[in-house]
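Each chain carries a letter (A, B, C and D) given by its place in the written order, and its residues are counted from 1.
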Amino acid sequence: MWRMSADPIEKLSSLFERFPGIGPRQAQRFVQFLLRSSPAIRRELMDGVRELGSSVHQCPECMRYSAGNKGLCAICADNNRDTGLLAVVSSDGDLLALERSHTYRGRYFVLGGLISLASDKINGLRLSELTTSLSQRADAGLQEIILAFPANPEGDATAIRVREELAPIGLIHGFKVSTLGRGLSTGSELEYADPDTLKSALDNRK
Amino acid sequence: MWRMSADPIEKLSSLFERFPGIGPRQAQRFVQFLLRSSPAIRRELMDGVRELGSSVHQCPECMRYSAGNKGLCAICADNNRDTGLLAVVSSDGDLLALERSHTYRGRYFVLGGLISLASDKINGLRLSELTTSLSQRADAGLQEIILAFPANPEGDATAIRVREELAPIGLIHGFKVSTLGRGLSTGSELEYADPDTLKSALDNRK
Amino acid sequence: MWRMSADPIEKLSSLFERFPGIGPRQAQRFVQFLLRSSPAIRRELMDGVRELGSSVHQCPECMRYSAGNKGLCAICADNNRDTGLLAVVSSDGDLLALERSHTYRGRYFVLGGLISLASDKINGLRLSELTTSLSQRADAGLQEIILAFPANPEGDATAIRVREELAPIGLIHGFKVSTLGRGLSTGSELEYADPDTLKSALDNRK
Amino acid sequence: MWRMSADPIEKLSSLFERFPGIGPRQAQRFVQFLLRSSPAIRRELMDGVRELGSSVHQCPECMRYSAGNKGLCAICADNNRDTGLLAVVSSDGDLLALERSHTYRGRYFVLGGLISLASDKINGLRLSELTTSLSQRADAGLQEIILAFPANPEGDATAIRVREELAPIGLIHGFKVSTLGRGLSTGSELEYADPDTLKSALDNRK
């Protein structure tokens, strides 16, 4: 039986529109690019997506997606990383941002999102996975949990919620729970800083 | 024999970097998006790219890529379009931009690029395909060829070159060759318009 | 008698806020700049404003403000300018913009504003001064009146209104009334042009 | 003897070009604005500048410019402000920014600039005035000097230099010298934060 298929250009274009930060016009440009490309490029893209799906898996410890070994990801498997520190981040992207800065040598846990202020819903966040993992991490020497969320209302609301979740088990193990420091970010002028940032900069002077 | 494959995340990420307007960071975000997505989404993307490759073909008349029938594209097959007008555009994207404006009812020819001022190279431009097609178009009633290129140095250089190419055959058939009008674009203030635009606006007053 | 004066910083700051494009913060920076400046700079500013007020006058022909001779401004007094062309502009700034482009050699008339779409009020516009001046300009050889307004709704509404005003006298003298050409402005890409601009570019092709 | 004066429009325009953040085009718009304005507005501006020059003076304690009383400025005269804290700022503008944030209740000292990295020159900075004032401030209870400079290389270089200057007298009186806290400023996303800011945010976590 023959099925009338939708226009493949339209179909692929609306798929690209689901990509983060991509609007209809750029989605169309992507399709135009693939149309003009050689079959080899399209083949490479299909293969790349297939490989991604088959070889990548979620690290059972930090929950981020990585490729290669089926067990722990490269960071969680690295014995040189400090097991005393655990940075809880919102997304794989934020984890990678911290890695790029070469300033953090502890472990990670990817929460999988932030609390949305609109819906206040927390489903999807790996809160129970986080708390469950803490006993084992305590045995491995965990001392401080750093809530490394963005400096915005969603990040703040998520930090409050995570602190509540961690309170009982934190008491048992004596974890310290901290949040990232606020203040002037590099390049900030006092004249253009908002009052909250100036307040943090004053409070956190040193 | 087993081949050590590169990290699929890196591989796919550098592939997305080749997409128009995409830098390393957004390429990584695309991969992260696909990692978080369900297998169904990745399957849809692979299928979409495969279908694009198999079902899309180049219209033999306007040279743009479209999907569906193997013959003429929807525009070239539309008998209600004016065969007296031929807009020569740089890219499929510019063709689509003119279509979106709903102001042009003639035919198209996609040149496949512009002359690069750096290299002045014209290989890749479908100049011979354009001139070859003109006898047949003359029989179909073609009277005016509109060079619809962007208002920048590359567009201007391409228009000069195409006019040269069209001169002999244009003389035979008596085609008019025109370029898009220059002047104030919507929203322009005189104070912020460049001298060239003001000159065009004065020259083309009416 | 002693008068309690308001804070001179506040007073001057709120005066600068009336300057075109200046908000409270930049107004304050201006005052800080004058505070830090030497008395000579402040003196220069006062003298400059005083001189402006005393020596500048409005040209009785084009109605723009200029300095120097009490009679015609430099442009209106220039016998090498084409008396056959009259550009009607909204403001002195638009007149200066056309002069900077070195593409116009006719005469000017400054209307003194545009019709506001919100209020549709035309008081303040020198419509009667314009029509009154036309008999004399006709004697001097005027043939075409160019409505050189910005390419926005206010400019368009003003052009319609001015055409209505000019219709009776225009018929008598046989003036042509034109508006600035619309189309692609320098640097425009087709993909990012709005439909109106593309329509004008097609309509005004040549 | 009669001196041919320059065009008052040009003269005033080039004066406005010296204003902070003002280029030739906006300077011209300012002059056009004053030309169109009533004589009363021009008079107000002249009076405002004159008053500024005559009534404003520099506070002998914080060195900022203010108006009204000949003695201390309103902040330095306010007995409710904490004499234990002294914020050293670069400019009057930065002082006002801290005041607008309503987060600081101590005293101020305006240094009058930052060290320029290009020239490394410090002339113009009120370094000796600052150190000289500290004995008296010590008697008034000063305990901490906050170097409230912008988070950029000039601000950092200035902080280093001021710390050197303060070292001898600081030791005598036991002052603490602090700088504003660095970290995520309000609204910061981890993904777009620079490595220095992430490092500060981690170092200053709490």
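Going forward, a contact is a pair of C-beta atoms (placed from the backbone, for glycine too) under 8 Å apart; a residue touches a chain by one contact, two chains touch by 3 or more.
From a predicted model like this one, the values you see are computed outputs, not experimental measurements.
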Chain of greatest Cα-centre distance to chain B: D
Interface with more contacting C-beta pairs, comparing A-D to C-D: A-D
Chain A and chain C, separation of their C-alpha mean positions in angstrom: 54
Cα-centroid distance, chain C relative to chain D, in whole angstrom: 38
Multi-partner residues of chain D (each touching 2 or more other chains): 93, 191
Complex contact set, residues of chain A against chain D: 89-90, 93-94, 97-98, 100-104, 146, 148-152, 178-191, 193-206
Contacting residues of chain A [partner chain B, same complex]: 5, 7-9, 11-12, 15, 18-21, 26, 28-36, 39, 41-46, 48-53, 55-56, 65-68, 91-93, 96
